[in-house]
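Listed below are the structures to be examined.
Heads up, the next two complexes both have chain A, just with different partners, chain B and then chain C.
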Partner chain A sequence: MNSALEKHLNILDYALSALWRHRLKNGGIVVVFAAVIFLVASFQLVTTALTETAGKVLAVTPEITIQRMSAGRQEAIPLAYAEKLHDIFGIRAVVPRVWGYYFDEVRGANYTVLGVSADMPQADELSRAVVGGVMGSGGQGKVVVGRAVSQALQLQPGQLFSLFRPNLSLKAMTVAGIFRPETDLLTADLIAMPLVEARDLFLIPASKATDLCVYISNPAEIGTIAEKISKLLPDTRVLTRPQIQKTYQVVFGWRSGFASVCLLAALAAFAILAWDKASGLSPEERREIAILKILGWETADVLAMRFWEGGLVAGLAFLLGCTLAYLHVVFFGASLFRPVLVGWSVLHPALSLAPHVTLKEVLLLLAFTVVPYLAVTVVPAWRAASVPAESALSG
Partner chain B sequence: MLIELDSVSKIYNQGQPNEVRALSEVSLAIPPQTMVCLKGPSGSGKSTLLSIIGCIFAPTSGRATIAGKALARLPDRFLTVHRRATIGFIFQRFNILPALSVVDNITLPLLPLGISPKVRRERAVILMDQLAIRHREHFPAGQVSGGELQRVAIARALVNDPPIILADEPTAHLDSRLSSEFMQIMADLKHAGKTIVITSHDPLVTEHPAIDRVVGVKDGRIDVP
Partner chain C sequence: MFLNAWSLALTLTSIAGIVLGGIACRTAIRVLRHWNPASDSELQIRLEGEIWLSSTLVAYGLGFQIVSLILFVLAADEFCKVIVGAMCATGSLLANSYGMPALLVKLVGVFFYGFWIVLHQLDIRSESYPLVRTKYLYLLLLYPLMAADVTLQTLYIAGLKPDIITSCCAVVFAAATGGGTNLLTLGSENLQLLLYYLTMVLLLGLGGLLLWRWNRWLQALYAVGWFWFFGLALVVITNVISSYIYAMPYHHCPFCLLKPEYHYIGFAIYGTLIGGAFLGSSAGLVEPCKRRAGLAEVVASYQKRAVQISLILLLLFAALTSYHYLLYMASGGEV
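Moving on, here comes the complex of A and B:
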């Protein structure tokens, strides 16, 4: 074997034995550092998972949503507006949608009610998101509920329940199915039903809808078509799918960023601790380094040994922290951070988070945790390596 | 001459208020296969002289040639390389790392040389057999007796097979039996071809028959009686 490589293996071997000799002190540092990495990595994984989940769910939403605005507030849009759009080339379909919020006073929870048209191009995909049955075309009072709603109201497929109309008369409905857990982020508090049922629940006239969903043949034309719609219907707000996706990213990014700033404080505190530990050479350590140097170890060898020690501590803490973070996010649904990242509503989405971890993210985490640790230990390591060899002599 | 010092001076913190002249114009020549004792009180400059002979640092002025190399011309890094090939050290209290095993202590000088664990152990085993400490091979050094500890220190000094052995006050904390035992091992090493320099003011060392020459050091100069 190459003697330079053998030399480094020897120094690594010595560094490992040194770590073991001071196992209590080093073990403590690994535990604290791993805890900090666990927090940072958990946030990063949760943010990634949420953004991915939102992206998947939003992929089946309409390319353009049109809402009528009056005095800065949204109001029902006449179905006649849809007819004005027929001349715009590239529009595949315009489908009315009715939605609103239903406040459950008993449980203090808000449910989102969504009325969808059977003409909606992605009706099949909606059906695939449902477990237990199909919604039907309307008139039979069949609805699909999110998992949080089913838990709050203790509903199972086939079960009958009632909601109040604005005039306080009761509307009876039957649960046709429950949304799949993968769609929790957007469906947890959702009651989806045929358009006519939603109109009936909110007492919206048949000539109106809450908004219009516009489906485009070529996604590259979303911006152009949205612009044409804005000009054609000046009293409306035109929302595109990319805009909504961006909003989600900004919201998760802001929350994650806020939390990251808080965690950076923890990381900084740990860096100070690491500096303190690495710079405080005990008389025993000074003596050991002086002996090594007088026995023929160069300053670079001692420096390499200190780097191996720091690298092994940081590497072990990194692996431990990342593994715990992955288990925390995937198997425990990031239970420590959910209130921060998924909102403060009464009905929390019971997210099943399965983040797709990329090399870039791992390297980013490494750069924010291990690199600062090694950086703060460079100067103390140099100081340690500069202990004069003659201090091992009697004087 | 294996060790040759010509008008060697050493000044610490030169040009600063805390300047200390540790050695002044010291000249000394030590031929191979001899045993020399540097004798003098504490603070006389013995350890500085030993540090220059041991290639730990170069003199401030004068010429020091150790095993054919002039120290003043060698940068620090090469001093280290020359030291580990030429010098074996035995320290006061032996400076053994108590948490390491006996064999790990002995092989410490071999680690930066890129020598494999197998070869390291083979070399250590030969020395442990010669010094009768093989049975303590895997014992933590902190748990062996004083006599065994001095033999561990001697084995460590010999593991690189250096031509020069330097011992810094080796008997300062030993009883007379262990001191005699130590000097006997040094005598054997001298007969085996090693050149040995010992700093001490212990009569058991200075008056030992194997000592070829006692060099007095006082106030940083060679003390001529």
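Moving on, here comes the complex of A and C:
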């Protein structure tokens, strides 16, 4: 056992020195391979981080959202619908919500306007996400804005600004506070205000809201209650939180899968390069292997040496690629790919992504990059290993 | 659900495996047709060189298979986040009828590739390569297994329907009933544990006896014992041991053990179990090779080493699986 280990250590030693002797060729492979791994790993890490962020953010959303549908489009929902849900057990609260998009023609950006009711069970969660004061209605309604909005409109807490109603009259508002950066994914482009103010801005009648949020005490009952609601209110769409969560997961997974398919082309190109580099034996290398054979090396030993060489190159490139990808995602906010995964909106949330890297991701990346590399280099490695000893004499 | 990094990685690994397997099979056919140890023709010399290629390819195939097996379970765990009613890997593997068979074929594959490598290692220890024909016939038979593996896995991934919100009505409740699905439900817990530890003691006794005095029948019994123990251990881990590790009485899942929350203990548990079962049973399976020219000694020394290591792995496995149970009992737990 010990002698076998020693033999492999010696082969490894030789492989290292051989790699160093051909450092230009191997260095090139490492750089290209690391670049491919960097691309794949960046996407994977961004996806993981985004999914985690979405999960964290969604944890405080209402368990069920009810939207009224008419001719396949969403419409304002009458508040009377909430009354009908009184008889369903397990519902903690039904809270109306008004939200919509406000297009700012000057800056060409869309803001999300959200009107929330003060009796929303998680009102304190919302206020915890805010730096500054609290929302309130009155002559000049107090609103809370996201960071991107505050930058676009150059707003500071306490400042006054106004938006147009649909009939082009102006509605004045005061900035009560700004959302914290942690919730940027959801709040970057958000203007949150009391329900009354939002109704006033969009000119929605007092008897209606955009949708109804249903809060449920026991998460195990979400499915059953949602089913009851959809029976009771047949013209509505009932969205549950787990479903929204799954949709996010699928969308991010799909996008990263799609990106991976695009990267497959890069991977294939690299595989061809690796194959070519591995199979094009220079006369010098042939001589080297033939001399090793004369010195008593067997085909298996040369194969083992080639395996170690491949393993070292792949390992080095993997470490390099993954480290760069991590730096790219964590310190540069994945600036290369964020548009693909987050969206193309003008107001980008400035995300601080901190992916949680587990063994799982590492294995996934290994399978995605190192396995194809090893697969394409094995046949050339054997070809190199089967160089006959006598070719040293003829060369 | 192919457009997902996990599905792609699985498919990529399988394609790599099946291409390498195809090249190895081409060699196998040539060897079976033209192999002639008495000849010193150019073809024979080339074939002797190609033997190295095929063995390296199968070794890589085994490596890829192990990666693919782990990846498959981890992918199932990842898929559960998007499938209705699935709470962990068990749920996603049961999401369609190809999940469990695919897993089983992958697991069996690890054993079969491993056996091939053992045969090969024994074969090259002898000057005359006495096992060449057996080995390559076996290799050709492995190919359908590889193909089955890829087919089942592809069908499984293709059949996965993620639960996403559609634009018309978002409610998909039909499948959301039922809580955690348990994989197996069998006899009483105590009976299973009794059988489990009894088999373990029996295997240890048999192994010790074998090392002390070699006997062909004991050897066969030891191999069969390991097969039985492998199946039994998987059932007992799922039904009994897993819930002690999770510290949740109603969570019986063989896959969550592989998660970081449980310090990846599953990798150690399954690693020792699969390793032990493989070595223990292969020691018996190579017995017929003893009769081939020049192999008697090589096989005997392999058997001895294999039994020794399998016993060590068994002890490790016993310690790993009993730790949480004993800890629970020692801290005053009730059954």
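Quick notes on this one:
Quick note on the criterion: the second predicted complex is superposed on the first by the 386 of 395 C-alpha atoms of A that agree within 3 Å, B and C clash if a C-alpha of one lies under 4 Å from a C-alpha of the other, contacts with A are read in each partner's own complex, and residues count from 1 in each chain.
Note that contacts are C-beta pairs under 8 Å (C-beta built on N, C-alpha and C of every residue); 3 or more make two chains touch, one makes a residue touch a chain.
As the structure is a computational prediction, the values presented were derived from the model and not from experiment.
In the superposition on chain A, A:Leu363 contacts chain C only, with no contact to chain B. In the superposition on chain A, A:Glu6 makes contact with chain B only, while chain C stays out of contact range.
Legend: residue contacts after superposition of the two complexes on their common chain; A:Val106 is shown touching neither chain B nor chain C.
Once the two complexes are overlaid on the shared chain, A:Leu168 sits clear of chain B and of chain C alike. Applying the stated contact rule after C-alpha superposition, one finds that A:Val371 touches chain C and leaves chain B untouched. In the superposed model, A:Ala80 makes contact with neither chain B nor chain C. Between chain B and chain C, it is C that contacts the larger number of residues in chain A. With both structures placed on the common chain, the touch criterion links A:Leu24 to neither chain B nor chain C. With the contact threshold set out at the top, residues 299 of chain A are in contact with chain B in one structure and with chain C in the other. Taken together, the chain A residues at the contact with chain C in this complex read 43-44, 47, 69, 72, 220, 223-224, 226-227, 230, 237-240, 243-247, 249-251, 253-254, 256-258, 260-261, 264, 299-300, 303, 307, 358-360, 363-364, 366-368, 371-372, 374-375, 378-379, 381-382, 385-386. Those residues of chain A lying in contact with chain B across their complex are 1-7, 10-11, 13-14, 17, 21, 287-288, 291-299, 301, 389-390, 392-395.
Contact residues on chain C toward chain A in their complex (touch as defined above): 2-10, 12-13, 16, 19-20, 23, 49, 52-53, 56-57, 60, 63-64, 67-68, 70-71, 74, 77-78, 81-82, 124, 162-165, 167-173, 176-177, 179, 260, 264.
The residues of chain B lying in touch with chain A in their complex are 42, 47, 50-51, 54, 56-57, 76-77, 80-81, 83-84, 89, 91-92, 95, 97, 99-100, 104, 108-117, 156, 160, 168-169, 172, 199.
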